[in-house]
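What follows is a pair of complexes built around chain A, which joins chain B in one and chain C in the other.
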Partner chain A sequence: MRSLTVRRVLFLVFLGLSAVFAGVLSLCFGVRPTQLSEVQSAFFAFDPGIAEHIVVQNLRLPRAFAALIGGGALGLAGALMQVLTRNPLADPGLLGVNGGAAMGVVIAIWAFGITAQSTLVLPALAGSAVAAGLVLLLGGTGRGPDPTRLILAGAAISALFLAFTWSILILSRESLDIYRFWVLGAFSDIRMDSLWDLWPAYAIALPLAAVAAFLLDPLTLGEETARALGARVGLARLVSVLAIVLLCGTTVSMAGPIAFIGLIVPHIMRSFVGADVRVLALASFLAGALLAIVADTFGRLILPGQEIEAGAMMALIGGPVLVAIVRTRRGVVA
Partner chain B sequence: MTPPLSCTDLHLRFGKTNVLNGISVDLPKGKISAIIGPNGSGKTSLLRCMGRLQRPSSGEVQLEGQTIAKMNTRDVARRVALLPQTVTAPAGMRVGELITRGRTPHQSPIRQWSAKDEKIVRHAMTSVGLAERADHLLEDLSGGQRQRAWIAMVLAQDTDILLLDEPTTYLDLTHQRDVLSLIQKLQAERQLTVAMVLHDINLAARFSDHIIALKDGKLLTEGDPMNVITQTSIQNIYELDCNVLTDPHSGMPHVIPK
Partner chain C sequence: MNTLTVRFGPLSVRMPWRLILTNGVLLVLTAALVWSGLFRGSYPATPGDLLSALTGTADPVTSMILLENRLPRLATALGVGLAFGLAGEMIQTLLRNPLASPDIIGFSAGAAVGAVVTVVIVGGTAWVVPGALIGGFIAAGLILSLSWRRGVSPGQLILIGIGVTLTLGVLTDLLLTRIDTTSAAGVMKWLVGSLNARSWTDAGSLWAGLLFLGPLALWYQFMLGRIAFEQDVAISFGLRLNYGRVLTIGLAVALVGLAVAASGPLPFVAFVAGPIAHGLNGASRPTLLSAALVGALVTLSADMASQSLPDGFGLPAGVFTALVGAPVLITVLVLHSKRQRL
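What follows is the complex of A and B.
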């Protein structure tokens, strides 16, 4: 037991350090490659006359932050979602936040003429809040949210919002042009201002998710056993759903719907750290952050002078990795 | 002396179906009681009411005189452990981790893991003979070992009352006997009050001190296996024509259907 605990702690430390390291490295890459020493002086000897310094501070730094926290949030939300529903294919998007955010974005473009990607954050947040609120209302019972009802309500609300979204997109070609970049999911257009707008949401969501992980842990043994162990099932589910919605809603508003992390990262992590929800949640957070920052950085490097959006890149990297892990490691499939 | 757990006039209805029809029964302290009866007679429902997983439509369950419905959930879980019939552990869970979960009702956000928890978990693991397998994945164990791991999980809950719903389901003959002997051994060591639902009446006769026989949600008869398991009463409980012999090994009654 003890050696197992040590191994897990080492693994978590390794993940965390890798994510930070990848984050620092990402500051060096882009259309204009920058030496690490130059990146250093951008922080410690900032000179507004040097273009590299401006790029590092105003573009690459917020982008790295967004990828780390956004990727982490999606990984964490995915882990909670899979435990909550006891379904290995559950993805946080099933709660309707993606559909809601998409509709918020499209309405903002079409009705209010907003075109800059960075100003789409608030409409997306509003849209996902409306969708998640409806899903919670429909999926709740007197004794707390019921996982199956939640997913059904989420599917219905998503379909409804998607139908509205497409109706608007058919009416307005201009909306479609902006929307198709948003819907790929990317961290490229995030500015410090958006991060400042969103940090309170993360400051609430992350501790809430930590509480949820503790409350959810006995539920991995099934509802009946959890209740026999004195767990408060309704409370655990409510806190988890709130944490998931807040984490995903905020991230989708910031970076668009990036579905892959929430679905895949918890699977991969389960094979490394086992079934303890508390460890799984932390590992999924760190690994999500790592995958997002690596995908975002590679997306800048693969095609010279062009970028592949992080959402697409993540599937390109994560897909083969997942297949390899499923085929070689045990304990992946729940 | 107040019994450790007593049920008074329990009724349970789901819609128009009456599952329990006024059952009053006490679990004798420091004994193993087997709840028997045909399918649909309310055995599992009675056990779930005892463990407060099911709220009865009327009537009440008392733990040493305290009404269970008014107690705090965690307090109940510190005094009564219940192992459901069908249990599933998530992929990737190890034996030690499962048994550790039994400490859940004793933990709180402030008080997480202590040396006492560690000791109780170790003890539970050793009691069921899985001390060497703490680091094994549950899915690598045989059916019998897995069931022992789950029993260790409820032992780690460190309660005086243990409720088991068909602990021998899916096990072959040898493992059925092994699991029930283990329960008998643990009961004697720890002075537990045990109630278990059993389908196999011969196993019930051999491994329990007290039989609670249900039919159609009512208590048909209860008492010592010697007195309860007779040709007439089996006829009444199961509507089955049978011979009752004496098991040459244990001296307990053995039912052979005609």
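What follows is the complex of A and C.
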């Protein structure tokens, strides 16, 4: 690939290493600060009698995994979404998954009295599947999905689901009480077994997204040119939509609606690695993972004794970063 | 002949028949909604009652319900809808992006933060509206000044808008988790937007602003269509591009500010009005009047739906703007695509 210059490869390697490094560091921080050597022995000489070992293995490790893969998935989905729709305002949740997941969660709390955060994964997954299915039905008929219709249909369906969610929230205090924490998005309540439940979804979605990135690349030249070059526009769009829904739906049901990474990370990455979709997708995956793990770790540290949810931290870090980058670097604004 | 040309001396305006028809139908529908809102409902009245109430000869109950209750509420709903419709269409045309809405200039996000901050400071929901207005104007000013670089460019504005709006949105969510449930529920209702119990003061200040800004916006439509061209094309027409863009944004922010003060953010009205109006007109140029009327229709019917619920289901109008607007938008989309395929 000609767009893979030495500088960009180095940048990608740097991103990847930072994400792994931040992931390891995140195991050391929390209410109970732990030495790196202690973390090491938690893995290689596990002793159920030592509280630190339990904390690291059962709480911090799944959390770090979830942040890395969830953040990466959202960044990747965001890059695909922006290329697919050619719209800088399109976040991957726009395909209906966020609105659907929110409604699934609220219905589960309101109608079935579910209150534990960790049991909200299934209702969220069901809700986002229903919503995304509706969006695809409306926006994706004929020769492959048409981007403008897709995002308008997505916005309409999302608003519809959100309106139902709001009406339940206004009627039921208990729902609002749980929802207002869920909506911030956090990786804090994830255990190993829910990760085990979700990994098949990622195992399908990530390769699919890689295929989508290759198929989508010619489309940056515009639909007509891409067709003239022999690209299969309809197929490319279908594969990318499926990948986005799968990546995003799984992550939202795991960690709550974090719109931020998908919307912002690709914009930032474009100014570093250029517009080649394949490179952009990889960079967005790595940067999303990095942002998520950093936000999750900082959220634990910034207020002693309290925790700021990762989704909120991301916006508080990422928003100003985006503004600063747009103002100082050229080539961000497409 | 699918266009009508109207001449006033040296000036002439071309109006497609379809546009005239659409606006006529929308106008009739709006009037019908206002009519039924005024005279139907749990306390039916007749136009004769209204006349006698206006002249002061009706019985006190009828005149209170009509003059103090229904008229100001309808006037507020109508004005809010018109203002959101106008602002939405202006911003979508300016940024050439169907996903844009006045939200991108940050007014609504800033307003939400302002509202919640007053609750955190005061402890009740009494100061929500002033707090919201201050927050909204600060946020809009912040986004405009941050995206200013020898002028406003739409791409820059969108990205800065995303950054600031999302951060503010999360700030709202975060503050919501730090206040008690009762206040959270109160703020939640305001954030969704309500038209309950509006008085003449609400309607009066709204319409005073609207009567000034509305004609300005409609007149300005002639310029708006050209501002949305590619930058080079617009400049070669001799347009003062920056002036035009800042004027558009200023007008839109002022309109949204008026509406938010009267009803709360009422999500979705400003977003949905433009695409529906375009679908109905089959046009690609800005159709401010249709968009404003669509906004009014959505708001009026949402308010009506919220009033027709049985007691105990006190859902504010903001819930219904999406419930009413989304299906209409979907229908328009489906119809539009069928026609394209033929």
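The rule is short, and it goes like this: the second predicted complex is superposed on the first by the 330 of 334 C-alpha atoms of A that agree within 3 Å, B and C clash if a C-alpha of one lies under 4 Å from a C-alpha of the other, contacts with A are read in each partner's own complex, and residues count from 1 in each chain.
Quick note on the criterion: a contact is a pair of C-beta atoms (placed from the backbone, for glycine too) under 8 Å apart; a residue touches a chain by one contact, two chains touch by 3 or more.
Model, not experiment: these values are computed from the prediction.
Using the contact criterion defined above for the overlaid structures, shared-chain residue A:L125 touches neither chain B nor chain C, since it reaches no partner.
Between chain B and chain C, C contacts the larger number of chain A residues. Shared-chain residue A:A186: touches no atom of chain B or chain C. In the superposed model, A:L263 makes contact with chain C only, not with chain B. Applying the stated contact rule after C-alpha superposition, one finds that A:E224 touches chain B and leaves chain C untouched. Contacts of A:R232 after superposition on the shared chain: chain B is touched, whereas chain C is not. Contacts of A:D276 after superposition: chain B is touched, whereas chain C is not reached.
The interface of chain A with chain B overlaps its interface with chain C at residues 332-334. Chain contact summary for the complex, chain C toward chain A: residues 97-100, 104, 146-147, 149, 153, 155-156, 158-160, 162-164, 166-167, 169-171, 173-174, 176-177, 181, 184-185, 188-189, 192, 267-268, 271-272, 275, 313-316, 318-323, 325-327, 329-330, 333-334, 337, 341.
Within the complex formed with chain A, the chain B residues making contact are 51, 53, 73-78, 81-84, 87-94, 96-98, 101-102, 104-105, 109, 134-135, 137, 139, 157.
The touching residues of chain A, counted against chain B in their complex, run 1, 3-4, 83, 214, 217-218, 220-222, 224-225, 227-232, 270-271, 274-276, 330-334. Residues 87-90, 94, 138-139, 141-142, 146, 148-149, 151-153, 155-157, 159-160, 162-164, 166-167, 169-171, 173, 176-177, 180-181, 183-184, 259-260, 263-264, 267, 308-309, 311-312, 314-316, 318-320, 322-323, 326-327, 332-334 of chain A are the ones touching chain C in the complex.
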